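I have placed the structure first, in the form of structure tokens, so that the comments after it can refer back to it.
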Amino acid sequence: MPLLSADQLTIQRGDRALLRDFDLRLAAGELLHLRGANGIGKTSLLETLAGLRRPAAGQCRLADEAAGLHWLGHRNGLNLQLSAIDNLRFWCGINGASPAGIDAALAGVELPARARRRACRSLSAGQKRRSALARLLLQPRPVWLLDEPLDGLDAGGLALFAALTQAHLAQGGAVLMTSHQTLPAPLAARELIL
Amino acid sequence: MPLLSADQLTIQRGDRALLRDFDLRLAAGELLHLRGANGIGKTSLLETLAGLRRPAAGQCRLADEAAGLHWLGHRNGLNLQLSAIDNLRFWCGINGASPAGIDAALAGVELPARARRRACRSLSAGQKRRSALARLLLQPRPVWLLDEPLDGLDAGGLALFAALTQAHLAQGGAVLMTSHQTLPAPLAARELIL
Amino acid sequence: MNWTWFHRLGSPPSFYRFAGRLAPWLGGLGLLLLAYGWYAGLVLAPPDYQQKDAFRIIYVHVPAAAVSLSLYVLMALAGAVALIWRMKLAEAVMVATAPVGASFTALALVTGMLWGKPMWGAYWVWDARLTAELVLLFLYCGVIGLNAAFDDARAGARACALLAIVGLVNVPIVHFSVEWWNSLHQGSTILKFGKPAISADMAWPLYAGLLATYCLCGHAILRRAQNELLLRERNTRWVRELATELGGGARVS
Amino acid sequence: MKALAAIFARELRLAARAKAEWLMPPLFFVIVVTVFSFGTRPNDPQLAAFAPAVLWVGALLAALLSLERLYRTDQEDGTLEQLLVSRTALSFAVFVKGLAHWLLSGLPIVLLAAPLGLMLGLAPPHLGPLVLGLALGTPCLSFIGGFVAALTVGLPRGGALLPVLVLPLIVPVVIFGAGSVRAAQQGLDAGAPLYFLAAILTLTLTLLPWLAAAALRNAFE
Amino acid sequence: MKALAAIFARELRLAARAKAEWLMPPLFFVIVVTVFSFGTRPNDPQLAAFAPAVLWVGALLAALLSLERLYRTDQEDGTLEQLLVSRTALSFAVFVKGLAHWLLSGLPIVLLAAPLGLMLGLAPPHLGPLVLGLALGTPCLSFIGGFVAALTVGLPRGGALLPVLVLPLIVPVVIFGAGSVRAAQQGLDAGAPLYFLAAILTLTLTLLPWLAAAALRNAFE
């Protein structure tokens, strides 16, 4: 049974239907790379799958509703006044996870120690993106929906992302992501072109 | 004589000097690709060269002060309530350029016609980036400083960017840009690694 | 109980047709009643022994004031339906009601002020009834403004519905203000069940005018709701078909 | 439960970060009252009669000022969408945010009301209804305002709309609040309006968080 | 010159886009006056004495509300940095933005003042000083407020700071403005305070745009 499935999805923005009768199955251990031209509707699709946007028709289902999913959009979900640590502590609280994992998660995304306690506003674009990725590591959730997660990451960041993703897939997770770049080396993805 | 030069530049953020005694020469017809790890100081350097940030020491000079330079940062400089056309009309007015070129510029970045009159808020990430690039075409300026201009562009967008840049270089312009991606095919850049 | 009529009416195309058939009748009846009410009230009825002819403002003021409250309730109810059943029709009705209600609220305020000058010696006093009615106008304006601020018509309608429901608290305040606070404004006499306290040749035209105003409001709301539906459904098949049927340019987009 | 504690802690931490921010609503309150007194004849004995209205309107406006930011930054930086995805009970989150807003902007105003009332010439026995009324009324402001902030959060220029939507909804609170002080000044029973306020507060606290949560969900579309 | 026209056109276009936005400051003004009157005893003849203060404070707050957005969106979406790079004379840009702000939020208030004054029981002969005073005073609000908005634009939560910084600066304007009406009410010369207002306006218009431009340049760091 797929971890995430969409049936007969129709997605509308303004008056225009971006997708019609779209079906999708995301199986455990699968990495699905969504591609397509600018403005084709990748972000809208991901937002719909995440439950943020209501589809005009059709439905999406998560195999394990209780476990939920991780969503990383264009916006990082970091309060710019708080430090990366404070932001992650907040998400730990929200999800009932233990804050003990915060340091490990930030080390996992290689955010320099001196940047962790500074307000996120003073981080560079790539450092912000890394902090946002750290949130995915705080709490295991089977499905990851990532919109342009590679944006702003340097070569080291790409390698790191590849490692994180592989570990997640190996644990039976699934990843649906968009990116205009080709994915970093060891990742083998099924491509879906819109 | 270089179009843009920096002498003995020291750039400071918070307590930390990101760059010390940095020299830079950007000649006409040159494409300089600035690389470096996340947080090394690429954005800060570009902002300093654009005159937005004051260097802690040293100075930067533009050969043709009157002609000015084009700056494209992480932020697109598009008012989200206005349409792409309205935004460009504003920049035409500011720079004293003729608004006749707007349609050509938007066609040049291949923004779909129906997306040009809609509030920028409803554009996709790539469409916003394209609209921001269109600003560079409205008015000739010898120096372009571009911070991650490839962010969010699809394959077509990359090709388009390469064509724009080549045309600019051929006219004797110069481009200093950052990007974590390798530059699209025909562009030949001098790499500068921080 | 058979609910099919409800579901049929709830679908935009059938409501559109139903409203198209009902609206002219309501409008015609309203105009007739209004003609009688105004002729009987403004020409035939004897002048008041205290107020002379000034009392005749009542034939505009009272219907407008009553309608301003009823329409707010209607708007909030439509909003509740729109929220609970996500019914497009209810959204359209709600959005259509707001400007009509706002206009009648403004009319009640203006006629009240014009009446206040001869009666109380001032156009405006800070009295509970008057201020609450003014607040009602602000609430209508809020709903209209909020709706205009949204790009997405459906999200806008739902936000307005929430606002309208919360604003419902003001309706009893307007209605009972004359009892709760000692007010210059006169208490309920006409709009009370039981025996009205004014003479019949003043009362009947008033009732006719009241009914006429309700009919005309109904007409306006139905027509506005029709427009609203056309706008919201402009890309659906039934609107396209309607457009070709009417022979207009088939391109609606 | 833990989630609510986390939201609450974050609001407090944010206030602590923007160092002087929690000082601003009371300071604004003081300044509005002062500017108002400047606008009138100096030492006007009549001022006391208008003191309840001035203080209540001042409190209202001070609360208004910080309301727009209640959800806007969360929406802009993506925290709101994360909250929606995380399946936290949104109405509780709204409740906690309202509570934090009241603590940071309502409570200081309640505490300041007595000295300012004296400044405006209010007799000491009438301070009781004033402070009690504000203590009951300012949470209503925070919650009603929070509801409207949720309604307007996704809007391009929701900020302009917010005060215009909040003020009419808040009128009953001001009527009863200022009414209670005036009743005391006229030797009437100041208790009845306060009971009304308490009733409004109860309604507000129980119903509005749900509506606000619905509004937030709606805002994303 | 063309650049200034472009800025002006953009402000108007923005107001036209956010459909009902330009309605909001005057509506807010009306509502504040209403709420205030509701907080007082019904039909209080004394109200007229307080009308100048109420109207002036209302106008002040209505202008304040839209000030925060004057530069904030420009800063957030990157327009401000483009303006800085483009070498437009920033002080002129600031001047034009102030002018547009006054046209969209100050002027409607000036026009509304007379009817609202009547509603508050102000005698018709005293409306002259009220309207004239507001006509001179509201541009001061827009320009002083714009200066403070420029000062706080880069700050994390500048919104909270803004009103607290503006209000003290604006006090003289309110004193002279309301004072002029009161002078008229007491049968004194209403002209002198108006001359003061005109002097303040001249100073504001000539000096503040330069300072605001410097503040904007500074805000980027």
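Order of writing sets the chain letters: A, B, C, D and E. Residues in each chain are counted from 1.
The rule is short, and it goes like this: a contact is a pair of C-beta atoms (placed from the backbone, for glycine too) under 8 Å apart; a residue touches a chain by one contact, two chains touch by 3 or more.
Keep in mind the model is a prediction, meaning the values are calculated, not measured.
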- Message: Can you give me the shortest step count from chain C to chain D, moving only between touching chains?
- Response: 1
- With centres defined as the mean of C-alpha atoms, identify the chain lying farthest from chain E. A
- Query: What is the chain whose Cα centre is as far as it gets from that of chain B?
  - Reply: C
- Of all chain pairs, which one counts the most C-beta contacts? D-E
- Note on the structure: Rounded to the nearest Å, the gap between Cα centres of chain D and chain E is 24
- Item | Euclidean distance of C-alpha centroids - chain B vs chain E, Å | 37
- Task: Could you give the separation in Å between the centres of chain A and chain E, each centre being the mean of its C-alpha atoms?
- Result: 45
- Gap in Å, rounded to a whole number, between the CA centres of chain C and chain B: 56
- Task: For chain D, jot down the residues that touch at least 2 other chains.
- Result: 17-18, 76, 156-157, 161, 164, 167-168, 171, 221
- Task: Would you please write down the residue numbers of chain C that are in contact with two or more other chains?
- Result: 131, 135, 138, 141, 145, 149, 151-152
- Message: I need the residues of chain B touching at least two other chains; which ones are they?
- Response: 74, 80-81, 119, 121-122
- Item | Of all residues in chain E, those that touch chain D in their complex | 17-18, 20-21, 24-25, 27-28, 31-32, 34-41, 44, 46, 49-50, 52-54, 56-57, 60-61, 65-66, 68-69, 76, 156-157, 159-161, 163-164, 167-168, 170-171, 174-175, 177-178, 182
- The answer for chain B against chain D in the complex is residues 80-81, 119, 121
- Message: Quick check on the complex: what are the chain C residues that touch chain D?
- Response: 83, 131-132, 135, 138-139, 141-142, 145-146, 149-150, 152, 154-155, 158-159, 162-163, 165-167, 169-170, 173
- Query: If you look only at chain C, which of its residues touch chain E in the complex?
  - Reply: 122-128, 131, 134-135, 138, 141, 144-145, 148-149, 181, 183-184
- Residue numbers on chain E that touch chain C, as the complex places them: 18-20, 23-24, 27, 30-31, 34, 37-38, 40, 42-44, 47, 118-119, 121
